[in-house]
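Should a chain be cited, it is by its letter among A, B and C, assigned in written order, with residues numbered from 1 in that chain.
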């Protein structure tokens, strides 16, 4: 044990440095305004207050925005996991022409700056909304659709390794036993790839949860369909930022992601490890 | 095989769709007399008093129009987010509100975008038209058409700390030289303070110096603007402002990235001797430790006893072109912009009324406003009323110019020359 | 599940890819195609909504862009900044991943949790918190270091250092967790054999772990390049859109400031196309280098 004191201390120190900004965020959210704006900041407070959280939650519709963000993020996670799984199977368990081309296209897709696509997508969504009511601008569906499109290429790319890690013999044995392709896909491959799905869902979740640019561009008149990042904006004032409000809202925004992470963490690690066996 | 066929299909689909994104179709505007009137107003630091007066106006409006409901949304104060909202409303007429509040500097761009309705005739028939001064009407006019009703106006003047001034035996500055002198004395006496808080991002703080020197960002000839920031007069003004970022007044390290809003909070926090601050910032100042320890005079010009021309900013109320309730929208805008509600707005937020009689009333009531009224009386100025202002603003051409000089990255000559070229490019639509 | 046994099997990959194509063709390929089209037009707000016809410029937007001296400065700055961030992220991530394999349970859990927290913090909130810590007047860092009134964003390089630190803070957890998972998956006997051969930890890492991890390293490197080259939020939020006199401008912020904020969508699209092209070239070079060392996709 003693020979481990050096790495142990190093790890604890690294953890401290890494978590400090998060600690500062939560702390500032709990400090009274006077202490936040003091020119002598202290890394503790004797007068914790929930006033900023109350204020943040009191902003009209914050709860609603929270729910909207969660709905969008979870829909994107579920759909992208499902679709990416099928595509990853196609791209790893089959050999066909243009397979590599498609893979490279998925990679290239990640290189397009998202900001540049907002304008064409805006028009597409507007026109779509005129044809199919309920999916155009100002709807959560429009956000789910674009987030799905932006998370898929990476999700497929990540999942490939996990699917490849499942030995071909398993499926072949099942096929010989007379199982249908559907059974092989859902009963054998899917459960085995599940840790990988957890790992990739983390990315889809973050993309969707943090999205600001599409929420800002697409949700124009239907304020009830705004998502969290838009609510955060309320605290940025031209004359003086409401730091307490910003920190409280940031805490509220970070927390669900952290919970999601801790929830999938074990699968994340075992999943990402699985990709190596490729 | 399959994939190739599929690839062909994709190519075919794309070929079919080979046209630019469809632009916004002309909205089928209408003039319904019932339904929901959608209104966009700007959010405020303390929204409650504004909300209260708007709700009162809504109640009054609904009493006269039984079958109409009014849906008011408050737009975030973040400029980028607000700009995105307006673009969205222009690009998708279905999402546009009927009535909107807008900043006067944005109007030219909004009109070029085809977003605002021409309400010249409606204003001509408005009972309160005679009370709106001509210079205010100018801020809502593009070409010879009016696109809005002036709602409130704001001007900036020089706030100074009376406690510091009296303890140092200083008098309120009446010239640029005195201002510099006072700033240096304050900082010398109390090095933890800046003499005057100025900001490298504070364009409306810098412009009065340029105007006072006889310069301007651009001058208009006919329908087009030409940048004039590289003229000798403009350069003298730019130099006067950037000279304030000296170690013995407002050190570049601390002041180069301040915005106008930040200079307000610096003064409010009690860490500045003076500040170029608006009448509308009074409540923010009074919320801090300097309450009761300051006074206001007009920002002095270079020549003793003169007043540097101030920027006349403010917000207006307009009707969106895409409205389906044109008459109702105009009526609601007229109600909110009426003298009655301008006075209520002053009580709620301290925003100066645009109407002559309303302004006279509040000035008589509140001596605090005198220096601001003197500033207005001395003549106010405006940024180029051209769609290119949006570009100049968002590309930070003026801010970059100021910051390059302040940080010593460029001389006044180099920076103004560069900004001049960039502004001319913007005016040429490049 | 290898295809080719019968006609049905041949079609299988198509069926499996169909949902993906159904999403990506209308929502990615088509807008991308429109992007290319827009980049050849004069397309601003008056064109979008003001009824002004869009003018075909051909390569006009590209000429405007490529002859703008600022573009090249920004490009060079972006490449340098992104490269530094990629190297730093990989170095920190890899070092901590190795560290994780050598510590007891409690420190391991602590570091894992801290990393997850940094990863979970949205780019915007993370940037805001760091900015607050380094605030000229209210910041804890200046207070602790006794640098009252020191502006971390005043000097270009110091500002880049600070922004880079935030970028690394946000992105090293991905590298750390992925590599740690990879190391965990290395079969124990292989490592034990290396140890028996008398290989020290450094040699074991270079000779045994790195080769096994290479595919995962490839993914991590490519992703880091893509993410760091396209960095936007940290720079935009922390420097207020490009820093003092635009000194901390990177490509994506430049595109936003130059084009999108002033609704010059044609020019903005051209910048988007150029950004993508640069990334494609960089990545293809990297892939080729990988292939040369015996690793394929």
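In this section, a contact is a pair of C-beta atoms (placed from the backbone, for glycine too) under 8 Å apart; a residue touches a chain by one contact, two chains touch by 3 or more.
Small disclaimer: the values here were computed from a predicted structure and weren't measured.
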Neighbouring chains common to chain A and chain C, by label: B
Most C-beta contact pairs, which chains? A-C
Find the chain most remote from chain C, comparing centres computed as mean CA coordinates. B
Express in whole angstrom the distance between the two chain centres, defined as the mean CA positions of chain A and chain C. 15
Need the CA-centroid distance for the pair chain B / chain C, whole Å please. 37
Check each residue of chain B and list the ones that touch at least two other chains. 1-3, 21, 91, 259
Residues touching two or more other chains, restricted to chain C: which are they? 10, 13-14, 30, 34, 38, 137
Where in chain A do residues touch two or more of the other chains? 37, 96, 102, 119-120, 123-124
Listed in rising order, the residues of chain A that touch chain B in the complex are 37, 96-98, 102, 119-120, 122-124, 126-127, 129, 137-138, 216-218, 220-223, 230, 233-234, 236-240
Under the definition above, what is the set of chain A residues touching chain C in their complex? 1, 4, 7-8, 10-12, 14-16, 18-19, 21-22, 24-25, 28, 36-41, 43, 82-84, 86-87, 89-91, 93-96, 100, 102-104, 107-113, 115-121, 123-124, 145-146, 148-150, 152-154, 156-158, 161, 168, 171-172, 175, 181, 184, 206, 209-210, 212, 229, 232, 243, 246-247, 250, 253-254, 257-258, 260-262, 265, 268-278
Would you pull the chain B residues touching chain C in the complex into a rising list? 1-3, 6, 10, 13-14, 17-18, 20-21, 23-24, 26, 80, 83, 87, 90-91, 109, 112-115, 200-201, 251-254, 256-257, 259, 271, 387, 390-391, 393-396, 399-400, 403-404, 407, 409, 429-430
Okay, in this complex, where on chain C does chain A touch? 1-3, 10, 12-14, 16-17, 19-20, 23-24, 26-28, 30-32, 34-35, 38, 96, 99-100, 102-104, 107-108, 110-126, 128-130, 132-133, 137-140, 143, 169, 173, 177-178, 180-182, 184-186, 212-213, 215-216, 219, 222-223, 226, 230, 232-233, 252, 255-256, 260, 265, 268-269, 271-273, 275-276, 279-280, 283, 297
Per the touch rule above, chain C residues touching chain B in the complex are 10-11, 13-14, 21, 25, 29-30, 33-34, 37-38, 41-51, 54, 64, 136-137, 149-151, 153-154, 240-242, 244-247, 257-258, 261-264
